[in-house]
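Shared between the two complexes below is chain A, which has chain B as its partner in the first and chain C in the second.
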Partner chain A sequence: MIFQIAWKNIWRSRIRSLVVIVAVALGMFGGIYTVAVMLGMADQRVQMALGNELGHLQIYQPGYRDNNDILHFFNDADSMINRIETIENVAHVTHRVRVQAMANSAGYTSGVILSGINPEKEVQVFNLKDKICVDGGEFLTNDNTRGVLIGRKLAENLRLVYYEFSESALSNLEELNFSDEIISIFKTKKDEVFRSEKELKEFLMTIMDEEKANTAIYKVENATIKFKLRNKIRFQFQDARGDLSGGMYRVAGVYQTGNNMYDASNAFVLDDVLVKQASLPERAAHEIIIRLKDSDLIDETKAQISDIYSDTETKTWIEMEPMLKTMNDMMWVFSLFFIAIILFALSFGIINTMLMAILERTREIGMLMAVGMSRKRIFNMIMTETIMLTATGAVAGMILGSIVIAATASNGIDLSAMYGDGLAEMGFSAVLTPVIGAREYLMIVALVLATGILASIYPARKALKLNPVAALRAE
Partner chain B sequence: MSIIKIENLSRTYTETEVEVKAVNNVSLNIDEGEFTAIVGPSGSGKTTLLNMIGGLDAPTSGTISINGSSLGELGGRELIDFRLRNIGFVFQAYNLIPVLTASENIEFIMHLQGRSKAERKSRTDELLSAVGLDGRGNSRPAQLSGGQQQRVAVARALASKPRFILADEPTANLDSKSTTKLLEIMEELNKKENITFIFSTHDQRVVNKARRVVTLEDGKIVSDETRK
Partner chain C sequence: MNRIKTVSLILMLIFSHQVMAQDAKEIVRKADERSQGEKSSYTEMVMTVVRPSYDRKISFKSWTKGKDKSLTLITSPARDKGQTFLKRGNEMWNWNPVISRMIKLPASMMSQGWMGSDFTNDDIMNESSIVVDYSHKVVGEEIIEGFECYKIELIPNAEAEVVWGKIHMWISKNDFLMLKNQYFDEDGYLIRTENGYDVREMDGRLLPSRFELIPEEEDGQKTIVEIITIKFNDEYDDRFFSQQNMKRIK
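Take a look at the complex of A and B:
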């Protein structure tokens, strides 16, 4: 009955309560949505890293990770893979042969990690195949013994791209709300080729101010970029015997993961070809990468593998990139802190409302005390009322938050037009997908309840201090 | 047999500039089944006396015992519980919780006493009909007249099955018709159910209905007459 009374009391002063409820709801909505975006960013970063670079578990020869020494390889990676594939929680396994190489194309050079992969297995563990750029060729195939897959940033660095205002580029640009005037200038450049980002930028600066050019460059680049597929790249490296070795490859495909650092420094060729050039045994590999069925069991699976291959180094993605995990945890701590501040600010409004409500009901509370409602019950009644008031707003805010999160999660919030390249430089996706899990919701609910309880103590104590005789006499 | 025994009761207010002896050395016994009016001019100490009998205010000196237990010896929580079980209150106004219906207001007291839902329901209906408000149980206080509200307050006061009912100027806000009706109901409850009523009033018509009239002046009893 206390609940019923508390609930009805909230609606005695409808406007006043609604104001607080709406304030709490909006505060919660803002908080939750911001948190979801932050968590989504962090989560995407992890998913990107897992899918493109890390896998769940990686196995190395001890010491390989210290200096990527080509000599720290597994002799027979195939049999290891066969064995590991039988482990319950293992979904897929692949291997990579890795050498540190110098890539050279028409005089431009860049240091890279050249990995030899088995395309069929590779696509089961990593999703690089889905990251091939538009008109960026194709993923490696088993018969493409001279093909190399490079990141878009590496292609740019090696001048294996150019920019051109082609028919299709122009129609893309027209959709990107450039003014007709700018578009018509673009059209005059139709048959001209810009050989680098720098040249393109210089051109943009002649037709718009620097600030505009800085934001426009990203869109223009994306619309006009062309890859010089089948162009040659020479890779040079030290083979297992310490001799200088290398090979000539043709660009088979260009990928873009969204992490520019990675894209600038990773190239892929077929493993059979690379082991020969590197004078490694036929079935050698430097790393074995595992994708799990259930990532929550990562530590158990790691322990199983460590048992079988006790003289190897098995690392989880968290151990490989502790920063990623730290970043996720930090995002969450920030989020909680952020929500706590919002709730703290809201608690003043809640306290004020409740104090007004008690002041208005002085006589009634005095009467209730007189007829036999104990102080404890009065305290509980006010407390229940405050918590209900807070919770109503919070629940409304959470529902609103969930709806908006669900609505924006399917397509994501595309920030590429504003910050695309900036986010990619930091390894973040330019399309934000807000996510928030049950665990996070529960924590937020706990925070809201804590706020409700804290905010109710002062008004409830105030009500307790009422003297029934004085309260009943009050005019 | 006396259910209320008051001996040498005084209440002095010292917080004011001049000391006020609101109740000054009052001794009084009230028996079960009485229908007693406390009368006297404004400021004579009626409310102060009733508040002390009801355990809402503590005497400066003197004792009150109800059914043999001395109010002064009860601690805060015991006192609240004692009030809940032994005393029914009707005030001049603000008797009811405005967000609850008449029935819910009556039930609430029984809820505080921890009675079962079924018992609450049937007793509420009984009480509503006893105060002549059959079928008005679902009305909110604001939908009832002042007189009807006071009748609900009487029903609410009875709900806890108290030993007696204290009513401080229950008719002060009522017109004469409602006053008569409320008094009739109180008299009937007194006669049929032997419920003890102690009420204060300014109103001569109300005084005329009382079987015993205790008159206060400056905190002292100046007359105490019982009629047939």
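Take a look at the complex of A and C:
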């Protein structure tokens, strides 16, 4: 009964109610969408880290993580892997031999972590194989004993790339929004080689102003980059005996994960080759990496492994990169704050509207009281009205939000043109996919309801304080 | 008749080619011996590191014995004075009196510039040999610094631990002085140039007394080393090149 009256009351002043509903709807939409983008960003970072960098679980010799000491290795990684593979929740296992090395190309050097991998197992745990750049060669194969897989940033640092306005580069650039004039200048530079990012940028600065060049460089770089595959890299490192060791490799492939820091400091070669160069036992490994079937059972699986190998260090990805987990949680807390502020501001609009509604209906409320409607019912009526008003707007906003999230999630929001390099520098993907989970949705719904209730108290109390006699006389 | 002609022609070609290659290798070997083949040496040097925004001068003394022992003492600037570097075989140590620390230079430091210069620790360690690790060919003759020089092209052997694509060396015909080296990457781009200047007689030997190293792709950067005095073949005990002596030497 009260519900029907309240609902009808809302629509007595259609425009006024609609204004509030639209305000709440837009507020909710903005809030939900921003939250989805923020959560999506954090989630992508986590997925990236899990898929390319960490895996779910890693096992080390105690102390290895402190200083990456080459001597903290497992003697027989193969038998450990075989044993771990029998655990129920374990999907795939691989191992890595890791040394801290110096990479030298002709005239340039860079410090890296050189990992020896088993290509077949590696691709089951990590998706680095899918991250090979366009025209960036191929993933390591078992017969490529002198091949090395390097990150794109490392390739740039070692000057193993060049930039060229080739036929395909020009057609790519034409699809981006460069003016015809600029494209025609690019065409005059066809087949001229730019040896470094610096050279390319200097050229851009001659044809456009600095600000434009700064934003254009990223696009032009991506379109024109060419990798010097098969070029030599020399790695130097300290072997297990403490002697200076190393080897020559040729670039087999170039990958790009989207996290520049990772790409600048990780190179991969075949494990059996590296093991020999580092004077390690044949089946040695520094880390064992596990991908799980169900990541929610991570703690249980960790406990199982710790039971079997009690003298090792088993770490979950959260323990290894607590930052990632913290970031995820922080994003959510920020989001809640953000929504709370929106709702707080909206609540004033709602209170205002309801106060006006009561002022308008003073006589009516007085009449209802006079004919015997209890104060409690009056209070409930006003409250229901307010909550319904808010909820209608909120539902509309959420529906709108869901539709837009679904629409943008399939293709993602591409920020690469504006901030791609900066985002990659921080380890974030340049294409954002907004996501929002059921838990987050429910929390937001609860917040909206709470706002509705809080906003209704003041107008409802105001109505209660009316004196029926005075109210009836009011004009 | 014709066949004999052809065969002898082929033989001649092969033979002459081998002689040429042998010659080039021999020239490089002699030049290599000349630059570091003495039994021992004592050198005082001043190194100038030129950067776009500043110049830095570092003076040091250096003792060497054979190819694999050397001891270097920094004598100025005051900040670095007393630092010593010891090289034995393929290991290198650094003693820093300010912090009283002896460190063995790790692999990760081998590619860094020595004392902030364009010379890397790796250059000083000099692991690869310009004689053994390359195949050599005389590709021309040029006059450098008033000396008639062979221009020799060095191509690294397949298994050599060398990142260069090729090296060009200019070696004087009469005295086998290395007057100019150019280092190229695998695409044939010039990455680094070394020049020797001011050839004069020092302790009875003709040598360039000033070297400069120019990283070609860094604008306004180079490193110049000037030899102030040099003495050859004094007797040094093996114990002279020890960690104890690193702390004592003045």
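Observations on the model:
As a convention for this text, the second predicted complex is superposed on the first by the 475 of 475 C-alpha atoms of A that agree within 3 Å, B and C clash if a C-alpha of one lies under 4 Å from a C-alpha of the other, contacts with A are read in each partner's own complex, and residues count from 1 in each chain.
Keep this in mind: a contact is a pair of C-beta atoms (placed from the backbone, for glycine too) under 8 Å apart; a residue touches a chain by one contact, two chains touch by 3 or more.
Source: prediction; values computed, not measured.
For the composite obtained by superposing both complexes on chain A, the positions of chain B and chain C are free of clash and fit together. Using the contact criterion defined above for the overlaid structures, shared-chain residue A:189 touches neither chain B nor chain C, since it reaches no partner. Of the two partner chains placed around the shared chain by superposition, chain C is the only one that A:102 touches, whereas chain B remains out of contact.
In the superposed model, A:462 lies in contact with neither chain B nor chain C.
One geometric descriptor of the composite model is the angle centred on chain A: between the Cα centres of chain B and chain C it reads 160 degrees, in steps of 10.
Touch criterion met: A:238 reaches chain C, while chain B stays clear of it. Look at A:248: by the touch rule set out above, it reaches chain C but stays clear of chain B. When both complexes are overlaid on chain A, the residue A:65 reaches neither chain B nor chain C.
Once both complexes are placed on a shared chain A, the shortest Cα to Cα gap between chain B and chain C comes to 82 Å. No residue of chain A contacts both chain B in one complex and chain C in the other. For chain A in complex with chain C, the touching residues are 100-102, 104-107, 109, 111, 159, 162, 195-196, 228, 231-234, 236-238, 243-248. On the side of chain A, the complex with chain B involves touching residues 1, 5, 8-9, 11-12, 363-364, 366-375, 377, 468-469, 472. On chain C, the positions that touch chain A within their shared complex are 90-91, 106-108, 110-112, 120, 122, 159-165, 183-187, 189, 191-192, 215, 217. In the complex of the two chains, the chain B residues touching chain A come out as 51, 54, 56-57, 76-77, 80-81, 83-85, 89, 91, 93-95, 97-100, 104, 107-109, 111-113, 156-157, 160.
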